[in-house]
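Take a look at the following structure, please.
A, B and C label the chains in the order they appear, each numbered from 1.
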Amino acid sequence: MSAIKPIPPVAIEKPKAKVWNGARAIAEAVKVADVDVIAAYPIRPYTGIMNSLASMIANGEFTADIIVADSEHSQFEVVKHASAVGARVFAGSSGVGLAFAAEPIIVTALSQLPVVAAIGTRALDDPGNFGMEWSDALMFRDFGWLISWAKTVQEAADMTLVAYRVAEDRRVLLPHFIALDGAAITHVATPVVPVTKQQATEFLPPYRPPYRIDPQDGPVTKAQHIAPSLIGPEQRKTIDVAQKRSKQVIAEAWKDFAKYTGREYPPFLETIGMEDAEFALIGMGAYMKDIELVASRLRSKGYKVGTVRLRYVRPFPAEELINALGGVKAAGVIEFGYSFGSPFGTGSLYHEVATSLYEADTKPTLLDFLFLGGREPTVEHFTQLAEKVIESAHKKPQKKTYWLTLRGEDI
Amino acid sequence: MSSQVAFKNIKEIPPVDYYTSGRRTCAGCGPAIGYRLISKAAGPNTIFIGPTGCMYVANAHQFLTSPYAVPWHHTQLGGGGAAAIGVASALRTLMLKGKRKLEDINVVVMGGDGAMADIGFSGLSMGLSYDYQRLLYIIYDNEAYMNTGVQASSTTPWGATTTFTPAGKVKPIGNTRLKKNMALVAAAHPKVKYVATATLWPPLDLMNKVHRALNAGGPTLIHVLLPCPKGWFTDPSATVDLSRLAVETGMWVLWESIEGQFKLNYKPKPRKHVREYLAPQGRFSHLKDEDMEKIDKMIEEEWKFWEESAKLGRLVVPY
Amino acid sequence: MTVKLVKVTPKVERYPEYEELDWVIAHGLGVDHTADITSFSQTIAQAGSIKGIETYYYMRYDDSPERNYIPMAFYTVLGKPKVPVLLHEEVEPVGELFKVIAVFSSSLLLQKTAQRALLFDGAKKDAILLVNTSITTDDVVRLVKKYNLAQDWFGKVVTISAAKIDSAIAYPMLGALARGWDRIDLDSILTALDVLGKEKKKESVRKGYEAASVKEVHVLAEETEMFKKIKREVELPEFTGEFWTPEVYYAYQKAAAEAQTYPSRIATMPRWEVLAPGLIEFGPQPGKRNLGFTTPWRWQRPIIDMNKCTDCKLCHYYCPDGAIDFAPIKVDYDYCKGCGTCEKVCPVKAIKMVPEIEYLEGLRDEEVLRRFEQREYGF
């Protein structure tokens, strides 16, 4: 069922690190992944990826067709259909751009086409706002997309290659979002060790969908209208199973990735200091670096604080999370996404964590810390919230959720 | 650009349908006739893209079957323009990179008036600005959203009653917007190699236009008027007759623009009064004589521009 | 790859609660009869409501968006005290429901297998069959025995030639219904029309009441010709864990095409493991036709006089359903929907449309010859 399995090289090639911002690093990964069709439409902060790709293509660094679309809706239609024909594709967007493209984005997953797309996360309008929120990406957690979240520019680039490998695996065949915290990843430049063309070719087998929309594969009809009395839950189940199977494929892919590049990542959760932790800070994305710093400061003061970073939101690593939080007295979810009117006014990531913990034998006190409206947090905010978590272990907290960076009464 | 006439005689058309029998289209469905003829003309090396509409839902899945004998893929109602670019781009890139053998493959979008003139207008315009070969956009225009139960679109003619523009006591006309001319819109895209209008009559006209379009060497569009017995409230057997009457009354103008060269395909002599075309249609049954006269005058005026265009050999915008 | 087949008999669920209600099912051809069937059902529901009965009517939604000539149906349900009225889209397979089967075109009496269900599937033993036709009640009974599987039926046939009275055939049909069924009497229908603001139609209802023919019937299952022939089981590919292959798909398609009842067609739908990712189907190979399910759409059929035919191919060219073979010119009646386009486009008048009832049974039915002069909107 799975495709060609190449043999890893004996000596791992280690190219020199280059200082690239997230946009450029992703573009370099897309280049070595030998992507065929790219569709672009501008919106901050993801646009830089497309700028880089367009320039690489214009200068002959690799061969791909870049479609300058008339809208995000068209952008995602282009890649969806190119993927159905058998092309490896790339797209991306941010904020309200994703909202505009919601229709093709949703059907891409429901018709099981392994499109890979980057999201530079951004607050949704109105009012227009360049700041970072997660609501644009988390809008799509319910439709079958795989969603991973990068902490560093290096990880973002590596995730791009792994995304193709996972999405195109015949056990999965689902589209894949790579969420990049707006500005913090997309616009920040750090040294990045690139994946070489050779490594990418060996790690990533060619894309071969089971049936292409191509006369070569015969009269294949795809995504006809159906009568639900005939086909309904059955089609939904194929997607559900693909999501469930993806966990194994993701684990395999990261293991293999380490073999080819020497860079090791835990597949689903990155935990620091959780072995003996009494307090946990749970989050995702670029600000985990600051949160990890805060945790280590508190540790030096004698508080047993650990951090749990989710690398994937879909599939959601619920068992891994329960295991990581075993023995923890209190935990805080730190997040940039919200759902207005939700239970206890909690955020989107909190819902995922709380649902998982409902199945745990022991449940820590769980608090929710929200950074909304795009205002950037500081280490000071993370310190404050960590102290609240520690305090909640021995004193029942007065409330569950805290809007940080907010001016005015947090009611 | 091949200007040869591919189908000279009905006896010489391909006997095979690639859009085959066994589907839930209405008895007497105009778009179904159009689809059959287009698929015949395009031949086996064709990929059809089907935006949402009658030609998606009425051809729907019944017991894991499909009426398409060539690859077919649904796209969203507003996605026709972009989906075809995706397919054409993938084919060209895969061939260019040696990942697929070199071959001429037609990409044909069968979009309705809603899918092309309304919600998918922007994507269509984007598609027409690219230079992919063998890319053909068909607007199968039955002049309203028929699939959802006859709601007005921007190609619904003046005076037609639809469920969103019903003729009533206070608003006696029904639809008061004028029909959008999509072929003119398409012709305004500089890279478009071929634009035409067609309907089911005269025979072979549509098939030959499809042939010309696919061999034109760039993106192309054919705006095809296809009568809808359900939404026009006509007898299912009258579909082809209505096509003929639309042409003979001058309400549907058959023309081509081949790399900017305008050609009027048919000039009714003498032009029949629009009443002959409108009267058999239930959707115009509320119109008074003076309304019909008004439409006839509008058509008369419009034709001056078509004749001018024919004389000049290039389009003169008639509105 | 060869596909091994196994026999499956569909399970037919029954809901005794449903059977206590009075269901009226009204069959017609899409678009042509929509407005009339809507008025028919609405008036019955209104009449029920006037009598204080819990009631509702609805369209079988799977047929929507409806198509010209597609066999379509409306249900009207009249409740009983303490019996909950439930909405359920798929009512055919759930037991003995229908007290009244109203048929708006006699062509529907000829169906061998329908899009959804056999005409008498789901009927009560004492059902009333109300038909808009000019043929006699005896002829209707004969057709029912021949085609429609009314097993052990001890009910009534009511016929009415409705279009002779009013081009809006719903109203004479309502009068005829009142004549044959005491649950909804003439007075309550007339009152309902007052409430609905359709006072002008009361005369048509009264005329229908007068003109209707009623006949008591006793039919035993053994008397129906097709009873023994009907196959309710289906043959499906054995599930082996092999999936996504066209061969398996084609086997499912074949099973569905051969299934004769709606429950058995539903039983031909595969389990999820069979489905290729992204919901793929496989169309016919070029030159073949898709397995169609459109036979019962046709109320008239084209007959080609080959002596007149000049083989110009125009009928093949213009057939909306591709139902006319190119060479030699021949109609495939499994696919013809009876639209009449071929008759209109034939330059030498070699094609004539003949009503199915005349072609198959030699009966002349004025009602199927009737065409709408003025259509109403009925969405």
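What we mean here is this: a contact is a pair of C-beta atoms (placed from the backbone, for glycine too) under 8 Å apart; a residue touches a chain by one contact, two chains touch by 3 or more.
Source: prediction; values computed, not measured.
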{"item": "Pair joined by more contacting C-beta pairs (B-C or A-C)", "value": "B-C"}
{"item": "Chain whose Cα mean lies nearest the overall Cα mean", "value": "B"}
{"item": "Geometric centre distance via CA averages, chain B-chain A, whole Å", "value": "43"}
{"item": "For chain B paired with chain C, centre-to-centre distance based on mean C-alpha positions, whole Å", "value": "33"}
{"item": "Rounded Å distance, chain A centre to chain C centre (Cα mean)", "value": "52"}
{"item": "For chain A, residues contacting two or more additional chains", "value": "84, 218-224, 226-227, 230-231"}
{"item": "Touching two or more other chains - residues of chain B", "value": "44, 57, 61-64, 66, 68-70, 72"}
{"item": "Contacts with 2+ other chains: residues of chain C", "value": "269-270, 281-286"}
{"item": "Footprint of chain A on chain C - complex, ascending", "value": "62, 89-90, 244, 246, 266, 269-272, 275-286"}
{"item": "Interface residues, chain A side, partner chain C - complex", "value": "84, 111-113, 170, 173, 210-211, 218-224, 226-227, 229-231, 233-235, 237-238, 241-242"}
{"item": "Chain B partner contacts - residues on chain A that touch it in the complex", "value": "36-37, 39, 63-65, 67, 69-71, 73-75, 77-87, 89, 103-104, 107, 206, 212-227, 230-231"}
{"item": "Of chain C, residues touching chain B in the complex", "value": "30-31, 65, 67-70, 249, 252-253, 256-257, 265, 268-270, 281-294, 297-298, 311-314, 316-323, 325-327, 332, 335, 337-341, 343-345, 353, 371, 374-375, 377, 379"}
{"item": "Chain B - residues contacting chain A, complex", "value": "44-47, 49, 56-57, 59-64, 66, 68-76, 78-79, 81-87, 89-94, 96-97, 99-100, 105, 122-123, 125-126, 130"}
